[in-house]
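Consider the two complexes below, in which subunit A is the common component and subunit B and subunit C are the respective partners.
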Partner chain A sequence: MGVIDAAVVITILAAAVRIATPLIFVSLGEIITEKSGVLNLGVEGIMLMGAISGFYTAYTFDDLWLGMLAGVLVGIIFGAFHAYFCIFLRTDQTITGISLWILGLGLSSFIYRIAFSGYFVRPRISTFPRISFPILHEIPWIGPIFFNHNILVYLGFFAVPIVWWLINKTEFGLKIQAVGEHPKAADTFGINVQKIRFFSVVIGGAFAGAGGAFIPIGSLGSFVDNMTQGRGFIAIAIVIFSRWNPLFAVLGALLFGTMSAMGTRFQVMGIDIAHQALLALPYIATIAALVMFNLSKKGKRGGAPGSLAVPYEKE
Partner chain B sequence: MSNSLQEKVLKQFFIPLAWLGISILGAFLAGAVLILLVGVNPIEAYASLIKGAFGSKYAISETLVKATPILLTGLAVAFAYRAKLVNLGVEGQLYIGAAAAAWLGLFSFGQLPGFIVVLLVSLGVFLAGGLYALIPGFLKAKLNVSEIMTGLMLNFVAMLYVSYLVEGPLRLPRSVIPRSPNIEEVAQLARILGGNFRFHSYFLVGVGLAILIFIIFYRTTLGFQLKIVGEGERLARFAGINVPVIQIVAMVVSGGIAALAGYGEVGGVHRYLLAEISPGFGYYGLVVAFLARMNPLGIIVSSLFFSVLLGGAETMQRTVGVPVFLINIIQGLVLFFVVGLESYRRKLEKRKLL
Partner chain C sequence: MSENETLLKLEGITKRFPGVTANEKIDLELETGEIRCLLGENGAGKSTLMNIIYGLLQPDEGKILVKGKEVKFHSPRDAINHGIGMVHQHFMLIPTFNPVENVVIGKGGTRKIMPDIRGAEKKFVDLAKKYDMNLNPKTKIWQMSVGEQQRVEILKALYHGAEILILDEPTSVLTPKETEHLFKILRALKEEGCSIIFITHKLWEATTISDKITVLKQGKVIDTVETKSTDAKSLSWMLVGRKEIQKIEKKGGIEGERILEVDNVWARDDKGLDALKGISLEMNRGEILGLAGVAGNGQRELAEAISGLRPVTKGKIKLKGKEITRCNPRRIQKMGAAYIPEDRIHCGAGQNLTIKENLILKKYYREPFSRKGFLQFPKISNHCANLIDDYNVVCRGAETLGKQLSGGNLQKTILARELDAEPDFIIAEQPASGLDIGAGEFVQNQLIKSRNRGAGVLLISANLDEILLISDRVAVIFEGRIMGVMEADQVDIGIIGEWMLGSDGGKKNAEKETESLEEEKVQ
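This part shows the complex of A and B:
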């Protein structure tokens, strides 16, 4: 096999960490949203809106951080939009999420055409530079894989324990879990169910916007139509088989990062497998993971918040 | 008697139609705001859109050409949704149908008459799409894996598979944009308005299917079983219905119908397979099905409506400079209006105003 040596493995795994980052952002946000009892299937659309607004802002003002901020803000707006429909109008959350996705898909490409009409060359930005973590980046294997990335990648991983802490150790987190499990009981304890849910969905939107903005700003350097390629939906799948636990979600994201990285890398190396088969890997792996998860729990909704996707109406 | 009949007609026909009209109007107004923001006169933009869709005999034919896959995928979505399954995999099933049509259409059929060949290929395509939809159907029915997630993931797999086919085993040698050779003439679908117009027989097949599905929904045992399963598994089991079987049937038939849309594109429109055989017709199908509130006959109307938008969008982009993606935005907005109005209707119902 000579072709695949240590250097190649390290390249693939390092790329996996980078590819996993937006998935981590989005699934962390979706965990918060779903813990409160609301399903947001529209994160794919929010990601695309985060990507275009992040890219446009970063390009126009030549400021990457401002771009990330724009992505987060647009994520908040779209999250609030979803929250308003699902929580206050009590619409079907599945269909509302799909609507949000389709809206984001169209709106992001529309804005790109308007903002960059007349450009003959695809506009590009220079992405965040890599920062080698002092000392840690010298550890063999671990160093080059985990500690030689741009600041956003570190931020994404850093957010994992924070979100875990937020959900499990803070008053706000416990309220989120309460309204997601037993909204009626929470209500009798004086918790404002709709308010908590609204904020949870908005926070989820912010994360999805950040995850979307990461792709042009932290990785690719340009915007392409439908550039998320289903990653929002993969993030939702990760949430399911990580059993709504941020710590497991990272592992899921890394698994899919590895699948994608292998696909692209083998394609570059000219390994004799149709590149389409390799590109299909993450999607097939997602299905396999969902199947395995449901097999292990015999089809029960193991770990799902008790009132997920059930609107609450105060009597 | 006549009073209750009047009430029935009003409730089942005119009120839904009114809601539909409001949804469309709302989406158009929101679209007009966007056009204004771009700095174009919305009336001018919409006028150029209408002209693009109806301006000539060729334009009308092209508009109907676009209605065909949207109608078929819309019916596919409605069939699965009768059992409350959201088949988001219609786009992938369309691609698999297109691939199957290309495979089958490249066979030599000897002396068989065209009618029989088209029927055979249609059957094969339907089976291919049905088998592909069996994956999400089976996983949902037996393991309770979300058919939404699996369907979506399989869309990407199907698109990559078609891309592999046209770059690999089915590639027409030396084609610049990778494509398959033309399928056999007997397997091609008839162009009804003559060779210069791409309007083909599958539009009529779609209309026929809409009527057939309407009958299945409201007049057959299967339709009843689908509906009961859709109302809730517990109730269905109580009624002695084998829930997993009905769920699988719903998905397989849905996938088969969606696959026919792929045959329409390969056999009627292009005559060959290419990687981008569909610009998201499956997602339009989803929107038109919800817009028609899953009524098969209503889907004929709503798919025609969206085909007008699609058919005129390029003219609008060329003449007034509003990007075609406006149509995708209207697509999303229409859905929001549909779900939003549904919630408003529930509120009115509660207050016994409707």
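This part shows the complex of A and C:
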């Protein structure tokens, strides 16, 4: 296969890093949410809401950062929505999450149609420019793959150790783990279980909103219906794959990104595989990775928070 | 520290749950440096009262005074800040954390971004040393024995400056040795002016450790007496208020057929290490085999392996002559086996299921409770009402949730479910722990009854007295091996004790003395 030379591989891997970024944002948020014992299956919907509000704001005010901020804010609102239902009304978390997804799916397209009705050409924004790290970007292979991206990509990767630190080293993180593991014990410690869970879900929502806004603002430059294409669910799969560890979540996201970039690239190069199969590649890879990972798990404690998706009721 | 100063005072505390008054106008005074024992039957309201003092529950009426000042606790945090600490009946620690992490956030946190783990660890270790407790601050809670977990709970309370320490049935999970150790710790605390409230169902503990004893019954204080001026007999009179329960006699050994054969069985624990290392046991119908041993030597794994909950890596298990090594739990249970697990909260009963649902968990799919796929509710209700009556479960009805039951009553519910079907083979793990005197004897009677009608009972307990009381034979397990088996009427406590500690020095003699030792296949 002479068509695949170093330049192609580098392009694919660089694209993989970019594609992985929103997944990193979302799965980091979901890790925080789930660590506190709440499952948010609605991140897909939150991503879409983050995407439309981010795109609309960036387009209207011609300010990309303001767009990101709008995405995060909407993510917070939707996260709070999920938190309120699951934590205080103790609704079923799976059903609430799926409702949130469907709501986000419909509402984002609806808003797009109202806000941009009567445009003949798909409205576009210019995305964040690339920043090449001085010196670093000259390292062969590593440089062009990792150090030639826009600021949001760097932010996403930078957030990984921060979230790890938050969960494992700070008091807030210990409390998150405590309420997700054994809420009743946390209660006897004098920890306000519902408050900690609420904040965790809201933070998760903010990350999901940022991940969603990244797609139009950091990557595509426009909004398309259902543009997240199930990445919210992929992020949830990555969370399981990562054993709720932010450092491993990056690997999961990069794996998906690589498969996705390969699929697109092969299509462009006209390699003779049905393009549907290529498009399905990353999703299949995700499922395969999940299966393999779970088959190899040792002992009972797979890292899942002990009280995941169990509402807590003070008597 | 002046003597006889009132540290804690309760005035007219009343707490109602839907359908029950758990506490009714309770008055209580606790002095500095006093050890107070609370006695009362299952469901008398002891845990409820303690949870109120600790701020977990809010009383409907009444006042709490600490050092003469009235206080209102909205959460345990307030109580901790007033110097109150509590060791719960069912331990309250985060299983995935180590002790230090548990301690650090154990007061609702330090309100710092990054807690000073290293400083906390030092303080924790010093405290542990001071009370002669051997604990590794880096071991995760779920890897600790219950005794260790309890010590962590005590240290957690002391770490946060507890002057009043509440222990809710601390000894029900401990071996006699551990209980001794605990008493030593409590006496040391008392010396330092700490006041202790201690709940137990064992009268000798109450008379040994306490200064005063308060007896609760159906939510009310019956009396408070000086320990010096009372004895076990008058206490039990106060407690039960009726005659001693008739003890069922063991009918002469029924020479029954083999019911259980365990042949060189190996199994792993949750950490993936070998917990059973070639266990061999044989049991006949009509006998109670007591399995003694210090907790955590493979008892739970053995019980789970036999009942089909834990995969067996090597060896064979036969029930009634049929191999069940790889059968699923329902198959085994359908063959007439019953299992009363030690962990009643997670394994024995559904916390969010009603008593009714818990009671029919094992037979809901069978006639007459289910017909053509439909549940027959009138039949179920009837059946459950009878069981609740027979087993004397104190609750406000069959719709009470498992988690709303007092510890002892939850156990009675499990017993009712398991024993009602007249099983041929019963594994009972610590069946009487946490039960009041009456209920404890009731359980023992039930087990003897089952034996008399020809069932085999494998009684697993860390409580040697319990085992010696009703067993026909006694086996001892240590580090996943059977150290030896003895006929109950020829038991030599000395040898049993050595076996429990892993030394088989006495085994040789035992072999000479007892003839029926074919069961013993120690490697």
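We take it that the second predicted complex is superposed on the first by the 311 of 315 C-alpha atoms of A that agree within 3 Å, B and C clash if a C-alpha of one lies under 4 Å from a C-alpha of the other, contacts with A are read in each partner's own complex, and residues count from 1 in each chain.
Criterion: a contact is a pair of C-beta atoms (placed from the backbone, for glycine too) under 8 Å apart; a residue touches a chain by one contact, two chains touch by 3 or more.
Keep in mind that this is a model prediction, so the values were computed, not measured.
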**Request:** Answer with first, second, both or neither: which of subunit B and subunit C does A:85 touch in the superposed model?
**Result:** first
**Asked** Looking at subunit A, which partner touches more of its residues: subunit C or subunit B?
**Response** B
**Message:** According to the stated criteria, A:230 is in contact with first (subunit B), second (subunit C), both, or neither; which is it?
**Reply:** first
**Message:** Looking at A:148, would you say it contacts subunit B, subunit C, both, or neither? Reply first, second, both or neither.
**Reply:** neither
**Request:** Would you check which partner chain A:306 touches, where first means subunit B only, second means subunit C only, and both and neither mean what they say?
**Result:** second
**Message:** Just checking: does A:287 make contact with subunit B only, subunit C only, both, or neither of them? Give me first, second, both or neither.
**Reply:** first
**Prompt:** Once the shared chain is lined up, is A:188 touching subunit B (first), subunit C (second), both, or neither of them?
**Reply:** second
**Item:** Contacts of A:172 with subunit B and subunit C, given as first, second, both or neither
**Value:** second
**Prompt:** Looking at the overlay, what does A:100 touch: subunit B (first), subunit C (second), both, or neither?
**Reply:** first
**Request:** Could you give the residue numbers on subunit A that contact subunit B in one complex and subunit C in the other?
**Result:** 299, 301
**Item:** Residue ranges of subunit B touching subunit A (in the complex, touch as defined)
**Value:** 34, 38, 86, 88, 135, 139, 142-146, 148-150, 152-157, 160-161, 163-164, 167-168, 283, 286-287, 290, 321, 323, 325-333, 335-336, 338-340, 342-344, 346
**Asked** What residues on subunit A touch subunit B, complex-wise?
**Response** 41, 45, 85, 89-92, 94-96, 98-107, 109-110, 113-114, 117, 229-230, 233-234, 236-237, 240, 274, 276-277, 279-280, 283-284, 286-287, 290-291, 294-295, 299, 301
**subunit A residues touching subunit C - in the complex, by the definition given at the top** = 169-172, 174-175, 177-178, 181-182, 184-192, 298-301, 306, 315
**Prompt:** Which residues of subunit C touch subunit A in the complex?
**Reply:** 54-57, 75-80, 86, 88, 91-97, 101, 104-115, 142, 270-272, 403-404
